[in-house]
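Each of the two complexes below includes subunit A, the first together with subunit B, the second together with subunit C.
Moving on, here comes the complex of A and B:
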């Protein structure tokens, strides 16, 4: 694309700060993805976020951003740091992205680092959803850990599974038991491929019985999130559902794409000027700290975000004593949650 | 003698006024206290439910602050085969506390039961008439407080400035702690209602309506349910709580003293799915209330219960069917002391978003 052309049009930024990965997307007015970033959060969302903003600054410094949306478990923090116009939960964001790519989609399978979700849609509207509750057995982190333990790069985990002729049955109900079961199977002499394939099946079985119990899974089915790159899991899903599963081109940044789409929708609806601070803002120093409020018996842990030396936002209190002071940034958060 | 009692939502307001009237010395454990909660967790068996841990924590706080008598209510045949009351007593004994234990039987909570259990606390004795009037006032106050909170729900989701309703309720809670007796408490309720009525509201707001069903302690206790009503309201949704303390009083006290016992509407409604009138706890009401709300028109329902709560697990399996039959989404939230609030908020937000989208679609079709 020509530089001048870029200068002329408006762009939207979508950010998904998840537990395992932080994804960013720049989208143009026609809702096409111009650029995407998929990075590991590694427990430091602020660092990853500011670094990726700097990267965007070098590449797209001059473009005009008309709206910013954030999602993921770190959406509130990201929203304050970059100046988001809309802060949305992951379910709504993922549904928005899938609907854009395939308006007739009926089921979205999403497996992320810390949680997995299933979303049901009808005519583009979410009709039901479920998220995993108290267990991490059906999530990406668990696969990551097992890949590491077996010394196989996670990117190649799926190939191994596909090579298996006879998947071993692994107890997938609980991550801890699954791991000990895998060790046991290794000691018994089962092949690596069979164990990995068994693990993929166990994960899918667990996912379906946890999230999709008593629910009708209709096609088209879309599968997204980092784990969708794992061909072993995809094969296990297809086998168990008896239907083909569609992996969208941008499967790994669908949350961020959804956030960008929602930011654009919000911009079109309200016509408000963006609260985006600009890419260069990332060169400021951001710090967070937690304070225990002694105002009442609840002793809330209040999180404070500081930019250079000014307090940007505080949250985590129940009574609103601290979060009530977040004037500008709070509006975005509230609009995001209260639409 | 000094009495203490555990918290369950806002019951302490009425109970406090009752004890003031009966001139019983008492200690109210701090409300919403993380410290008491942690004391409860540390001294409970791990797989006990959240309400049990919360109750134990409150009692420990009470005993640590000079109380020598505990007032507790236990429902025979309900939670964990009805041994919660005894178990609390045993744990506290093993911890070295010595106290007088009054365990009201909620399965048959009549004036007689109350008089028998409370009389020893009243050194000067008390006439039947006075006790009758004091207990009746307490019951009325419980209803009035619940009414106030549900009014706050109605205001919160429509208010023009976020936080107005919360502020009114916060003021109320602060002042309720200092209020003495029924008349002061009632005046405070009236003032707060008045204040709520004057909160500027968006007249055009048409909030999604969400019913709350599930285990009664969690439904009615904002500390343990992570302020479910408040969170929903601040997301712009109208929360309708079917499991308030007043419901419980209605079921266990008022129906116990009535000469004729009418069949509960919720129990009857549940018969479409479960051919029994009792599955432990309030499980049958969870199913019945879900069905009743679906019939009356509701956008969505949230079932909330503590991890390991057997009656609610039974009810949950039936709710799938209720959802299918009525085409109303039902989301289940299971809480324990390790619940991460972020995930909880995400689910609530997504649920409200979904209901809003469904509602908008219906509206655009019919309009």
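Moving on, here comes the complex of A and C:
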């Protein structure tokens, strides 16, 4: 696309700050992805976010952003830092993205850093869904940790699994048990490939028995989220479901894409001018700190976000004593759409 | 034993009532009971993070969150009362059993608190042996320095009718058609406790829904509705939930069901599956189960609720504001 053309159109920015990765997408008016970024969060969402904004600034500094959406477990923080128009949970964002890519999709398998969910659709309408309960066993962050422990880059985890001829049985019910099972099997002398393949199977078995119990899984089946990059998990799903599993082209940034789509929807519905601070805003200094409120016996941990030396937002309190002040600040972003 | 009359003060003046588990819903009954016997009753108040933390520290690791909260409530009363009252709820009516954790509660708390204070208990067992109840009331009478008859009478007139009441004392049984309904299922001491439930009901109401619980259904209706699933004795809270869910699932306004369960709850593990796979499936009511344990972060909890509400069909328009 030529630079002039870019200057003419309006674009939407979608940001997904997850526990494992931070993804950004710039989408045009026709809902096509112009550019995407996928970076490891590595426990420092502010750094990763501002660095990626700087990258976009260099490449797309001049384009006009008409709306910004944030999602993921760090959506609130990201929303405050960039000035988001819509802040949405990652499940809704993912569903929006898959429906856009494949309107006829019937089942969405999604494994992210800390969430796993299954969504059932019929004619583009969600008919049922299930999410993992608060336990994060069998999600991306667990795989990540195991890869690190075995000294294998997570990107190559899947290849190892595919090389296995005889997957080892690993207990997948609980991440803690799975880990001790794996260590035990390693000590017994099982091959790395077999252990990794066994782990992939255990995760899929656990996923299906937790989320898909007694439910009909109809095709087309789409598999997304960071874990979809793992060919070992994909193979295990296909084997157990007896059906092929579709990995969308942008499987790793579906959350960010969904957030951009929701930002566009929001823009079309409300026609409101974006609260986006601009890419160059990333050069400001952002700091967070947590304060223990001693106002009552609940001792809430309040998170405070500061830009340079100004407090931008606070949250984490039960009573609203701190978060209530956000409304007064012009930069505060409330969860959900501004209505 | 000598008979005492009205104004005579008891030996134990201040009775501490921990507001958790079964007492969460029935503290008024017990308060009235002790006050009628000339005692002063102090309740532990709402669950706070401090109560929760001390309960987690004191309890054995394996038990459920509400038991830990209860122990924290009991601990918070040490020093504020002459003794702590913990009823042993074995069974509140015939053919029904309470959760086994209630049956052992006085012992559990006594051990967790290392006998730091004096404890009072009443054994409530109307299924097998109401003589046990009478005996424990007589013992209590001795401790309080009251006549056995006074205590028995107070129990029969104040407490007994409330234990298996048609209408839960703190909940209404009114039903007017109107706004979309979300059924919140779970033990009363979970779903109505603001801290343990992370204000689930408040959050759903803020999102514009009318919240109904099994305790908005009359007890006799709850029991009648259990029939297709179980014919005989079962755990009481399980019956409330099964029967309540079966009654609520027929509401035309029902938009979804949320089951709030605590990790390691044996009753929930069974009842939840029956509700998810049998009861709600006829109408394919959207169903969300949330299991909570010692999490203090509400972010993951709120994500699930928000995603659930987003997926409910055609209710977007009624939602006043979104959950933060």
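In this section, the second predicted complex is superposed on the first by the 327 of 339 C-alpha atoms of A that agree within 3 Å, B and C clash if a C-alpha of one lies under 4 Å from a C-alpha of the other, contacts with A are read in each partner's own complex, and residues count from 1 in each chain.
Throughout what follows, a contact is a pair of C-beta atoms (placed from the backbone, for glycine too) under 8 Å apart; a residue touches a chain by one contact, two chains touch by 3 or more.
It should be emphasised that the depicted structure is a prediction, and the values quoted were computed from it without experimental measurement.
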Practice item. Quick one: on subunit A, after the overlay, do subunit B and subunit C clash, or do they fit? Just give me the call. Key: clash
Exercise for review: Once the structures are superposed on A, label A:115 by its partner contacts, choosing first (subunit B), second (subunit C), both or neither.
Suggested key: both
Exercise for review: Quick one: classify A:123 as touching subunit B (first), subunit C (second), both or neither.
Suggested key: first
Check your understanding: Does subunit B (first) or subunit C (second) touch A:319, or do both, or does neither?
Key -> first
Exercise for review: Would you sort A:299 into first (subunit B), second (subunit C), both or neither based on which partner it touches?
Suggested key: both
Practice item. Tell me which partner A:285 touches in the superposition: subunit B (first), subunit C (second), both or neither. Key: neither
Practice item. Figure out whether A:209 sits in contact with subunit B (first) or subunit C (second), or with both, or with neither. Key: neither
Study note, to complete from the structure: In subunit A, both subunit B and subunit C touch residues 73, 88-92, 115, 125-129, 131, 133-134, 213-214, 296-299, 318, 334, 337, 339
**Study point:** subunit C-facing residues of subunit A, complex
**Key:** 73, 76, 88-92, 95, 114-115, 117, 119, 125-129, 131, 133-135, 213-214, 296-301, 315, 318, 323, 334-337, 339
Study note, to complete from the structure: subunit A partner, complex, touching residues on subunit C are 48-51, 195, 199, 277, 284, 286, 288-293, 295-296, 299-304, 306-307, 310-311, 313, 321-324
Point to revise | In the complex, subunit B residues that touch subunit A | key: 30-36, 162-163, 166-167, 170, 223, 227, 234-236, 307, 320, 329, 334, 336, 342-343, 345-347, 349-351, 353-354, 356-358, 361
Review point. Can you list the subunit A residues touching subunit B in their complex?
Key: 73, 88-92, 115, 123, 125-129, 131, 133-134, 213-214, 296-299, 318-320, 324, 334, 337-339
